[in-house]
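The two complexes that follow have chain A in common; it is paired with chain B in the first and with chain C in the second.
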Partner chain A sequence: MELPRNITHYMKHPDNPADSPELRAGKLYKYVMENKRPVITDENLLAGTTTARTIGVVLYPDFMALSIWPELETISRRKKNPFGITRAEIDELNFDIFPYWLDRTIQEVARKDNGNPLCQRIMERIVFYIATKVYSISHTVPNYAMVVERGLLDIIREARERELSPGSSKEDRAKKDFYQAVQLSLNGIISYAANLSREADRLAAKEVDTKRRQELLEMAEVCKRVPAERPRTFREALNAIWICKIALHQENANVALSLGRLDQVLYPFYAEDIKRGMTLAEAVELIGCFWLKIADHVPLSPETGEELFGGSGSNQAVTLGGVDIKGADAVNDLTYVVLKATELLRLRDPNVNARYYPQVSKKEYLDRLCEVNINTGATPCFHNDASAVEALSGQGVSLEHARDYSSVGCVEPSSGGRTYGHTGCILMNLTSALEMALWGGKHRLTEDEQIGPKTKPAVAMTSFAEFKKAMETQLGWLIDQVVTLNNNLGRAHQEIHPTPMLSAFMEGCMEKGKDVISGGATYNSSGAAMIGLADVVDSVTAIQEFVFDKKKFTMAEIISAINADWSVPYKKLQAMVKASPEKFGTDSRMARANADWLIGFLHDTFQGKENYRGGKYTVGYWTMTNHAGFGALTGALPSGRMKNEPFASGITPVSGSAPVLTSCLNFVARLDHTRIADGHALNLKYTPSTTTMSRFADTVEAFFKMGGLQVQFNIIDRKTLEDARKYPEKYPDLFVRVSGYTAYFKDLNPHMQQEIITRAEYDLGTGEEQKYG
Partner chain B sequence: MTASPTANLTTARPLVFDIKRHALEDGPGIRSTVFFKGCPLTCLWCQNPESIDPGPEIGFYPRDCIKCGDCVSACPVSACALEDPFLIDRKRCTRCGDCVEACPGRALRLIGRFYPVDELVDILLRDKTFYEVSGGGVTFSGGEPTVFMDYAAAVLKALKDSGIHTAIQTNGFFAWEEFEEKILPYVDLIMFDVKLADADKHREYTGQSNELILANLKNLLAERPAASSAERAEAVLPRIPLIPEFTATVENLRSISDLLKGLGVKKCSLLPYNPTWISKAENFGKNVDPRLSRYLLTPQELKKYQDIFSWPVCVQRTGRSELVTF
Partner chain C sequence: MFDIEKFISGLSVDKAMDRLGERFLKSLEDETAETFLEALLAFMKIKFMFDPAYRKNIEEFRGRYQFRSKDGGVAVLVNFEDGDMKIREKTSDDVNVTVSFKDGRALMNFLLSANRDILRGLLNNEVLVAGNLNYMYKFGFMANHLQLELTGNLP
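On to the complex of A and B.
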């Protein structure tokens, strides 16, 4: 409540209504930070909270806060993920806050600026795509190295010097506004830290427990110094980063704003403190405190959002290990300390990502990663440095910068601290293009309405090439729409929501004198995640095999079958399609060719588009919970999938159609990862009883040596998950990997629970997919 | 060169009834195991009864059956009946495969397929990276892989050319000269079954005397003059199946232990009995000897048998039983 209250207050009473967007934002966030309540929670060694509560939901009034307006009265009572809210708060939102923002959100500004365009109306049909810029500028890694190596005063000094440089052209004036905004907002952060310091002193004065009093006094000292000055200790460095993260979350939605390579950034402070006598237990405790802080806020999601994204934390990715900018092994003692804290706490946030470089990283490191996975059941996930570096280099990132990548949000590799890549700005449902290719540009959900271009109805097609052509036409059209929408939203952001704090922590912005939203970062790209890959490849392959190659049945028959949801007269057809070994995730050459074609087409088409900051679009295959959400909206498919069933997640094969583990890993590893620069999530389950560290490590090592980009696991069996669905009270902290991030199983919506329960589970004793009833 | 003891089988085209990927119990590391069809022995306890006959069989996978009845109308000799459980009258069935063709959901499958050498090698090389990272490779099993010396040799040679670790699991019933010439140069590990020390009992329970088998084992352990005895011991791993009342008797195991000791063996492997094969054999229409146990060995029994051997013994879990009926 604090944030929407303060933002709304400032926006209603701005310092000077004639300020440029940049300057206004600088003043706004200075106001927000100065007026932020300093909260120190019990038993944590780090000061500050994201919201005014110990754990809270952040409401961003110009992003998506309005989406819960209709639900304010019920949101505290809903079954899944209820949010606590008081009567007085509801009234304040109803009468003071929300009315002001009705036509001032990103969404409405973009709509007004572009005359309610088709691309935005298409999104409202939900089943085609989602452009997430309506609710965030996020999915990026700020440069925390800057915070701990320089301190904010030094950044402010640089901004001041640059502001004072001569020049009075229009462009120069814009730059000066930007530099002023940086100084204003960073000073706001320093004020907030000073308030925290005073609060710690105040609490210390009345604290009776001597140990806690000492901790509070130290905390006051820490906040007196950081983040204004360069930190001197491990604890100061952690608190400096945490305070800046709090600040960034006032400005930028808490969706996948990631932490980067903490074991690298913090190592010098850790090593110094160890030399001075800090024990490993103390280091683990500090990381543990930090982890609990990271999890102190959750994203807002309305009821319909629960269907699509339910149970998601805020996906703040931490990246560990891998190589340094010269290509040498970068795993250090702190890497292991962080793994230990992760293993002990089993939290959904942060989302821990481990980098591994075959033949450079040590085997014992991989073994340890596998062990932590076995012990936590779901974390960390694994990234292959060799492939990720190659994928980023293909996007024009320098070799050194590519080697310094970290994971953003779910799985997206990004050169941290210097790339604004909004890696999750587009979520596109690939099956909607398949539907339009089958029905000449119409979609079953929107019935007779001509949505996409009119292509030849599938029943009249005489070759597989013709069908592929129609798919390309529909996909190309969808991509045009969603890119236009994202660019509209980006321009609306430039107009109403510049981000001086994020820009201060981003390499490139200071030199260019530009906000990240206007292209200030060194690298500028946008990432589009594709949903339903395996289901579409299997469907297209079924059409190729049965309709055109073997001519076992006609296109008309397959269309009748899916319109009838594979009901009784079509059971034989369905059995035939399902039993075919030509599937995504097997040795099938046909399925491989179709996967290569689709991935190639999507990459080439998106790469041909430019975003509103002059960067390129990259494509990824990770789905969060959207594969369940979009699946629930989608009818039966030619692959044999029934109506409303979840799609396969990420880049994972459809459950039951890739029975051999080695074939599955082979298939995914050999897809061209240079065309998957926005990352992918291969989600597998291993049966716990047969999962040993060495068997586990062998499969990961082999997958990476063959070129696989990313893989992540749930080490859990179906029986346990089914029991957890039935008796959630028995499993309050069971956490699972969804598709790129971890979540508590009990928080997931029923579609998503079902998807995880039926997700392919491999037995490492036999290397085969487990078969259940 | 003596005539092949399996001449009557080798006239058949070599069929493979399964290629098991990510096999962990057929030698070191992650392996692909090729199961050949056809065996010169007829052990009472054979866990893969479908592997004895060198010809193709029809396998039924109940999980995939949608009970459409297409097999019933397709069968020219009315051997299929849509009953519960589904039945193939094995006496009538001519294994023509028409039902397999007709089955939409692949619930009926032809067990035993011929792979041209290139195709089999191609499949086995697909998991090369898994072999490399785990110290694994390819294992030939059966049935009895040495029934098809020329074919096996061609595949093994191609695998060795690609740097793959190779192993075979054999019952030892083969012509020594031919084995020495065709197979031995291309295998890194030979898992050699030693079932019964007594020749008569061996003949009674497996259909053949153990004379040739033991002679071959002696030859193997004496072979490769260039190699040190330690290397020879590494390359040959005797395996003793523990079948209660048949091979798993104190008397038999003592005799085998003495025999192996006399041959200089340093390590062998015990294969504990797994009774899950019985229902499969019964469905297949095979008479199961009533003396065969229907229980797993107890840890105490296993310990007792292990103690008979005075050198490192590894106990291997055996038996994968897929729900398939014959």
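On to the complex of A and C.
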């Protein structure tokens, strides 16, 4: 409640609408941080909380908080992920806070500015795409190196100097406003740290436990210094980053606001403290404290969101290992300390991403990564530096900056702290384009409405080329719509929601005198994640094989079959389609050609679009829980998939269609990763009893040597997962890899649980998929 | 159109509220929920008239809502302005939000948390909202509150 209360109060009273958007934001966040309560309620060694509670939900009234308005009086009692709320809080939201925002949320400002455009109305049909700027722009990695190498006072000093530089043109005035906004908001963060320091002192004075009193006194000293000054110790550096991250959580909803290469950023402080006598156990404890802190808030979803897409955490990625900017092995002792804390705590957040460079990284490092994955069952995930660096270089990122990449959110490689890539701004359901290609621009869910352009109905098509052409027309139209929407929303952010704090922690903004949302970062791009790749490739391939090549049945028959959800008269036909070896993830040349065509078309079309900051659009294949949500809304497909079944996740083959592990790895590894610059998630499941460390490491090494970009594993069997579904109370902390991130199995919606249970499980002894059912 | 005044004619305020509340609850139990919208709006109106705590929801609030059935059989314009609620059988483009629904049951599933079957609504293309969604969220709160109050489930 603290954040919506403070933001709304400020906007109703002291705000001056005559100020520029940047200045308004600077003043607002100064107020928000100065008035943020210092809360120290747990025994953590680090100070600061995202909300005024030990663990809480943050409501962002300017984004999507109003979507829970209808549920305010029932949300504390709903079955899935209930949130505690008092009567007084309900009344305050209903009568005082929400009404102010009726016409002022990003979504509604964008709608009004653009006359309720078609692209926005299409999103509200849910099944086509989601543009995530309606609830945040935080899918990025801030430059925390700047925080620990300089301290905020030095950044404020630079902003002040730049503000005082000569010039009075309109552009100069805009820059000066930006520099003022940076100073105001960072001073707000310093005030918050000072309040934390005073609170720690106050608590220490009445603490009877000697050990805790000492911890609180140290905490008070830490917050007296950081983040204002450059930290001197490992603990100060961690607390500096945490306080700045708390500030960023006030500015934007934490949707994959990621941490970057912590083992690199923090190593100098760690090494110094080890020299001074810090033990490994103390270092692990501090990382553990940080892990617990970053999980101090949970995302807010209305019931519909929970039902379709629920179970996701904040997807805060931390990146470990890999190479340095010169290409040398960057794995250090702190990398192993972070892995140890991860192994011990087994938490949903952060999402631990390990970088590995074949031929450069050491074998013992890969072995340790595999060991942690076996022990935790689901983390870390593995990135191939060679392919990721090549993919980023292809987007104009310099070689040194590409080598310094870190993962955003699920899996998206990004040159951390210098790229504003909003890597998850678009989530597009590829099967909706397939539907429209089959029905001449209509979709079964929206019935007779002409949604996309009118293309020839599939039943009248005489060649596979004609069908592909219709697919391209519908895909191209969908891309036009979703890009227009993302750009509209981006401009709405520029108008009402600049982000001075994120901009202060992003390379490029200070030099350009521009906010991140206006193109201040060194590199600018927007990322679009595609949902349903393998299902669409398998469907298109089935049409090619059975309708046009072998002529086993007609397009009319396949359409009747899917309209009837492959029911009894079509069961034989379905069995034939499903048994075909021409599938995504096999040795099929036909499926490979279709995958290459689709990935190439999406990359080329998105790259041809410019975002509202003058950057390019990149394409990725990771799905969070959206493959289950979109799957639940989608009818049967020509691939043999039945109505409402989840799609395959990320870039993973459809369960049951890629029976040989080596073929699966080979298929995905050979896809052109330079056309997958927004990353991909290959989700595999290994049977625990057959997963030795050496076999496991060999599969990762082989995949990467073939050029694979990213892979992640659940080391768990179906029997355990089925038991966990049946008896969730027996598995309160069972966590699983979803599609890019980890989640607690019990929190996932039923569609998502089913997808993880049925996901292909490989026996590493035989290299074959274990049969399901 | 349901004639509220006739329905409550001669009744005390409390009695009138009870009768309209009962009618609203009854509409929820009906198989097709054919009368759901008019029962909800009628009960809402009388609550705004005689319950100051509930009226607080629309003080200093201006919002225009169009409800219409997909078959064209129902077209209701609801106008909230400075503590007053007006219900008219009319179509207008000058509204904050338009809700098109397949039938009363679909609208009920969409609006009320306790009766929700959102997935079914989406799958069957049963309800379509066009315009400012925040106004719909506010209306959703007011509708849910009535049901929770009548069933003794307010937090």
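Here, the second predicted complex is superposed on the first by the 771 of 773 C-alpha atoms of A that agree within 3 Å, B and C clash if a C-alpha of one lies under 4 Å from a C-alpha of the other, contacts with A are read in each partner's own complex, and residues count from 1 in each chain.
Rule of thumb we're sticking to: contacts are C-beta pairs under 8 Å (C-beta built on N, C-alpha and C of every residue); 3 or more make two chains touch, one makes a residue touch a chain.
Because the structure is predicted, anything quoted here is derived from the model rather than measured.
Per the definitions stated earlier, placing chain B and chain C onto a shared chain A by superposition produces no clash, and the two fit side by side.
Chain A is touched at more residues by one of its partners, and among chain B and chain C that partner is C. In the superposition on chain A, A:121 makes contact with chain C only, while chain B stays out of contact range. Of the two partner chains placed around the shared chain by superposition, chain B is the only one that A:701 touches, whereas chain C remains out of contact. When the two structures are aligned on the shared chain, A:379 is found in touch with neither chain B nor chain C.
Within the superposed three-chain model, A:72 lies in touch with chain C and out of touch with chain B [touch as defined at top]. In the superposition on chain A, no contact is made by A:649 with either chain B or chain C. Judged by the touch definition given at the top, the superposed model places A:753 against neither chain B nor chain C. Once chain A of one complex is fitted onto chain A of the other, the partner contacts of A:576 are limited to chain B, with no touch recorded for chain C. Rounded to the nearest 10, the angle made at the CA centre of chain A by the CA centres of chain B and chain C in the overlaid structures is 120 degrees. No C-alpha atom of chain B lies closer than 30 Å to any C-alpha atom of chain C in the overlay.
When both complexes are aligned on chain A by C-alpha atoms, no chain A residue touches chain B in the first and chain C in the second. Across the complex, chain A meets chain B through its residues 571-573, 575-576, 578-579, 587, 660-663, 666, 695, 698-699, 701-702, 705-706, 764-768, 771.
The part of chain C that touches chain A in the complex is made up of residues 56-57, 60-61, 63, 111, 113-114, 116, 118-119, 122-123, 125, 128-135, 137-138, 140-141, 143-145, 148, 154-155. Listing the residues of chain B that touch chain A in their complex gives 20-24, 29-30, 63-64, 66, 68, 70, 104-106, 123, 126-127, 129-130, 132-134, 320. Put simply, chain A touches chain C in their complex at residues 66-74, 76-78, 85, 87, 90, 94-95, 98-99, 101-103, 105, 107-108, 111, 116, 121, 124-127, 303-304, 307-308, 445-447, 632-633, 644.
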